[in-house]
Amino acid sequence: MKREPGMKALPPAPRRPLSVLLVLLALAALTIASFATLRLQWQGLFSADAAATSMEFLRGFAPPETAPAFLWKVAGGIAETLAMSALGTGIAALLGLALALPASGRFGGVGRGFIRLILNVLRSVPELVWAAVLLIAAGLGPFAGTLALAVHTTGVLGRLFADTLENESPQAEAALRINGAAPMAAFFYASLPQTLPQMMSYTLYRWENNIRAAAILGVVGAGGLGQMLKYHLSLFQMHQAATVILAMLLLVALVDAVSFGLRRVMTR
Amino acid sequence: MSFELQGVSVRHPSVAAGQAFALSDLALGIAQGEQVALIGPSGAGKTTLLHTLACALRPDAGGLQLFGTDPWKLDNAARHALRRRLFLAPQTPPLPPRQRVVTAVLAGRLPQWSLAQALLSLVKPADPRAAFEALARFNLEDKLYHRVDRLSGGERQRCGMARLLVSEAAAFLVDEPLSALDPTLARQTLRVLQQEAKARQATLVCSLHQVDLARQHFERIVGLRAGRIVFDAPREAVSDAMIAALYQNAHEAVPALADSPTPAVLRRPATRCF
Amino acid sequence: MSFELQGVSVRHPSVAAGQAFALSDLALGIAQGEQVALIGPSGAGKTTLLHTLACALRPDAGGLQLFGTDPWKLDNAARHALRRRLFLAPQTPPLPPRQRVVTAVLAGRLPQWSLAQALLSLVKPADPRAAFEALARFNLEDKLYHRVDRLSGGERQRCGMARLLVSEAAAFLVDEPLSALDPTLARQTLRVLQQEAKARQATLVCSLHQVDLARQHFERIVGLRAGRIVFDAPREAVSDAMIAALYQNAHEAVPALADSPTPAVLRRPATRCF
Amino acid sequence: QQVLRVSAIPDEAPTELQRKFKPLGNYLEQKLGMKVEFMPVTDYAASVEGLINNKLDMVWFGGFTFVQAKARSGGKVLPLVQREEDEQFKSVFVTTDKAINKLTDLKGKTFSFGSESSTSGHLMPRYFLLNAGINPDTDMKRVAFSGAHDATVAAVSGGKVDAGAVNISVWEKLVTQNKVDPKTVRVFYTTPGYYDYNWSVRSDMNPALRQKLTEAFLSLNKNDPQGKEILDLQRATRFVPTRPENYDAIEKAARQAGLLK
Amino acid sequence: MPSPAVSLPHGDPAWRGRLIGTLLAAIILWPLLAWSEFKPWILLDEQSLKATGRFLAAFFPPAHSLDFLALAAEATWQTVAMATAGMALALIGAIPFTLIVTEQLSVSRIGTGRIGWLGRTVRQAVRWLLILLRSVPELVWALLFVRIVGLGPTAGVLAIALTYCGMLGKVYAEILESANPHATRSLLQNGGSRLGALVYGMLPEAASELVSYTIYRWECAIRGSVVMGFVGAGGLGQRMDESMKMLAGDEVCTMLIIFVLLVACADGVSKLLRGRLA
């Protein structure tokens, strides 16, 4: 039976909400205002000697220092960096997950607001300030560095995890809860497996960041690659700095590969 | 009585007040241990009704009694405790991809488990034998340790049914359990559901599109159309004409409706999307 | 010939080499404009076969010809261009939640659109009338501007079919299009699909669990079981016994199989999950 | 050239530096007849790179940073003037630990320097430690770089570092401002004097301008109100001319300590 | 009712892997704890608590002299402007890189699960470029840009743009990969173009996550102090570092409050956009 749909009036399209448009316009205005007020000077970038200057700068790094004694020091730095960053990030991931549950509104709006405020404060306080506070609380050494990383990263991961949980489609968890499962159990059986790859990726990405974290670790005398880099760059010892940068690059690539591999295993 | 509805009207949370109800003014009573088939055209409100029975949707009006109490008069904790006695198997089983069949099935036990048990079972399945036996009743035992996103459509649906079997509910609300199954398997699955309900003295409410199966296997049939109960009768009383009427008008006679614009078309949904 | 398979064997990418094929040694030819029903028990490989025909799975062995060329001998771009002439409607409608119906339907036009058109259509639907008319053929025109996650199961399925209607493919591969539809609507939907295929001279391959519908509406029926073609015959030649045999053994006779342990159970899947 | 771009190593807060610089900048604008702009940085290395890459014209360097700039530019940096005090600058070693009374007591202790590029907070203390037979990298339990003299004092007085090395002028400032209790935190070693801070320019600067700059600094005088304000802010009695050779000792120390290669 | 005819396959095939994984993790954890001298109890030491308390007491009351507030307000705008400009430039680079790297959008992957050699090579190259961009420390970028464009905000904005381009590109790609691929895959299988599949299949799923992350990065750019301070570009982060080094607790406190307010603002925008856009 053939119907004549053309006879039927096409319903008018619903109006779009203005708020999104307004926010987008505001963001565009902010961007334009930013560029306008900063008085950026691009001519330096496109001038003829920019390329020559950068080449000269880069050439300063070659060749990287390869004296065995120095390589040993770098190896020590790698170990220390890995230990601090892995432990700091691991602690932060656990705490962040614990805080993300209330922060994603699972225990009501008040809890959400309060925990989000705490998370905001945790990550608004820069690592350097945490380092100073923890230097006083825990003394010099990698422990203070680890904690400084952990505290700041908790704020970051807590927020990212909470957003991920809020963005996730809730059907699977709702199905379990309708059948009477406790909220936490339903979370572990439905939402967590759905969001785990994303959370894993954020955690590993923060780990990368923490590997590079430099300033804080120097302040608490924790050493590691970041501190070595700052030291050698400050003293214009470019060859040594080059070795440290290469080591960092390797570590970051390693974490990137781990992230890639885990994601493969988990999402394929 | 397992379920008792009086003048229940339901609107989905996203639908603005003042718009049409998905279910209007429903009256229905289902005794404990009864087996009821729910039939009706697509969009009639079958899923909505099952969700209402499962306390997953709050009626906007009318009285709902569940095992003799009004769940929406209880506090949250008590209502949630009540939900343990129900099992709702949704139309498309929302299983997290990458979960394994054994975990997905054992999730039916969650209401009975403590959090520690639940977590432990994620690491090492608590009772793989129960999951295995439940799956075996649907010929799916060989997929026990497979990932759910690597199952075929019918296998996934049976996985959802197996979850029902391991649960300890006293009322099963099953939404189109046979949609992705072949005829033989559909019959087998329905038989298992009915046997299980009978064995535990559980109530079974099952929405179906297979009218013949509904009429063969269920004593009582409820016909739903446009949010209202059209008939609610023992199977002997359901005639072919009633069935034809239930499904007929909504679609076949549309050209007739088309002349008078349906209000639904004029209604603007309050959706926000791109 | 639209499709021509010779000795095709297929394994899903996640399945380790050496394990059983999901389709083994299939031979099948489907002429342009032909309409074929694909039936078989759950897990038989219907979805897998449709994916293979749509170049969405690469055969591990055998020759596949699509409109006279072997797609897997072409380079990526050419093969992708070939895919535009096919439309695969998956078993569960692939609709992102929160998308609006009109957008989801018009996505069927994507292969024909330039990027600019596609982006523009997100802001202001390019051809809402086309979507409206496609939906109207499934009685869904009043949901044009609704969000897809607020549709009922059957409505969502019809939304997926409407996408097929707006596409410009020359071959429709439809995976269980009727699973969530009531009998009347199922018949109507099938009719629309067949009319549309006929009108465009398009090939239609449709997997179904409704054997009666398949036998009523399709000239040619292919029976699939355990990854093999059991029969491929005009409908007159398909007897009830053949149908019974197709569905029978796999499930009903399980107790008989039980004595000899099936290899599938002993096989450990190489899955990695939590 | 219309603008004289000036900066300073951030051994104090750049805001503080900016405050200190304001009257001096006005004074120089008067004397030179050109605009003077102060560009604060938070990293020592940036001021060095800025000067030798022609992005800055005059910088307030420490002794060590001057030596670095000279080495990195191939000798194209000239010191103009310095405070009288900078001819005999000193560092102090402070501690709260009663058991620490001389440099050799620092073996196996934790210790904090200031910034890596600081003369008085790192280079000279390290040099004198090495002379006393203590290699901070191997003989001490742990070495930190607090980044600033004030922070070093805070770490020591908080009891979280056994000892630290600071610039004598910052130490005296903190004591007079009562920011630190000299009874709990005490100085146990004061280094011999060395040449420190100076105002440096590139050697290719217009000689007339250079001449004018030098004269402007030298003519600052505690007797007139403007001069007094400037000199007080700079914590100087007066400015005196200086020469590159004054810093040869620092350069030698830096090479010995392995900080300059 | 047929009782389960076949016997339960003995043992969970994943169990051994999990056990080994746990053991390995425990074995790795030990040296980590040792190297980082993990002794949390010293935090509870009475003297430490007292010292921390004294230190934190200096944070109150927050600095609120007019001079300082004016300075802070100027620094705040500078910060916001630099962060916004840096992010805008970073996005210009990050978006195309994301599209290249995301495997779910690969056409050659359909049907085989493997990506063609050309795709693989290009992807790998871009991945390395992204690694390079984000693992070269900010200090090195800063040193380079001081040479090229001199001190001031230009160098800071450029350094943000380059580093953040690397981070955004990577994380965006991972977000897209984590989204439910069903809709995207279906569009691609029916002959849709990569970008079509992206906007019609992926973005509706992933837009909210992308917005969350972008806003978070913007926050980071606001806090980022290393480069800003280095090139003398000013801004809140730099002021905060200075005040911290000088132990001016009250100033630190005021700036922390500004940070928290800015971050809360960003959170609000993020929530609004996520609710509406997706």
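Residue numbering begins at 1 within each chain, and the chains themselves are lettered A, B, C, D and E in the order written.
In the analysis below, a residue touches a chain if its C-beta (ideal position, glycine included) is under 8 Å from a C-beta of that chain, and two chains touch if they have at least 3 such contacts.
The structure displayed is predicted, hence computed values, not measured ones.
Shared contact partners of subunit A and subunit D comprise E. Path length between subunit A and subunit E in the touching-chain graph (shortest route): 1. Contact count check for D-E and C-E (C-beta pairs in contact): higher for C-E. Chain centres computed from CA atoms place D at the largest separation from subunit B.
Spacing of subunit B relative to subunit E, judged by their CA centroids, is 42 angstrom. Averaged C-alpha coordinates put the centre of subunit B at 78 Å from the centre of subunit D. Inter-chain spacing, taken between the CA centroids of subunit B and subunit C, is 26 Å. Looking at subunit D, residues 43, 45, 53, 146-147, 151, 158, 160 sit in touch with two or more other chains.
Each of residues 1, 3, 8, 11, 14, 17, 53, 132, 136, 139, 141, 169, 193, 215, 230, 233, 266-268 in subunit A touches at least two other chains.
The set of subunit E residues that touch two or more partner chains comprises 2, 5-6, 9, 13-14, 51, 55, 113, 139, 143, 147, 150, 152, 180, 204, 225, 241, 244, 276-278.
Chains touching one another form the pairs A-B, A-C, A-D, A-E, B-C, B-E, C-E, D-E. Those residues of subunit D that touch subunit E in the complex are listed here as 7, 10, 12-16, 39-43, 45-46, 49-50, 53, 55-56, 146-148, 150-151, 154, 158-160. Within the complex, the subunit A residues that touch subunit D are 53, 132, 135-136, 139-141, 215, 218-221, 227, 230-231, 233-237. Looking at the complex, you find that subunit D touches subunit A at residues 43-45, 48, 53, 68, 71-72, 110, 112, 115-117, 142-147, 151, 155, 158, 160-161, 259-261. Listed in rising order, the residues of subunit C touching subunit E in the complex are 13-14, 51, 54-58, 72, 76-77, 80-88, 90, 92, 94-99, 103, 107-108, 110-111, 113, 115, 118-119, 122, 167, 169, 254-255, 257-258, 261-262, 265-266, 268-273.
Subunit C contributes residues 14, 97, 124-125, 128-129, 132-133, 136-137, 141-142, 144-145, 191, 195, 272-274 to its touches with subunit A in the complex.
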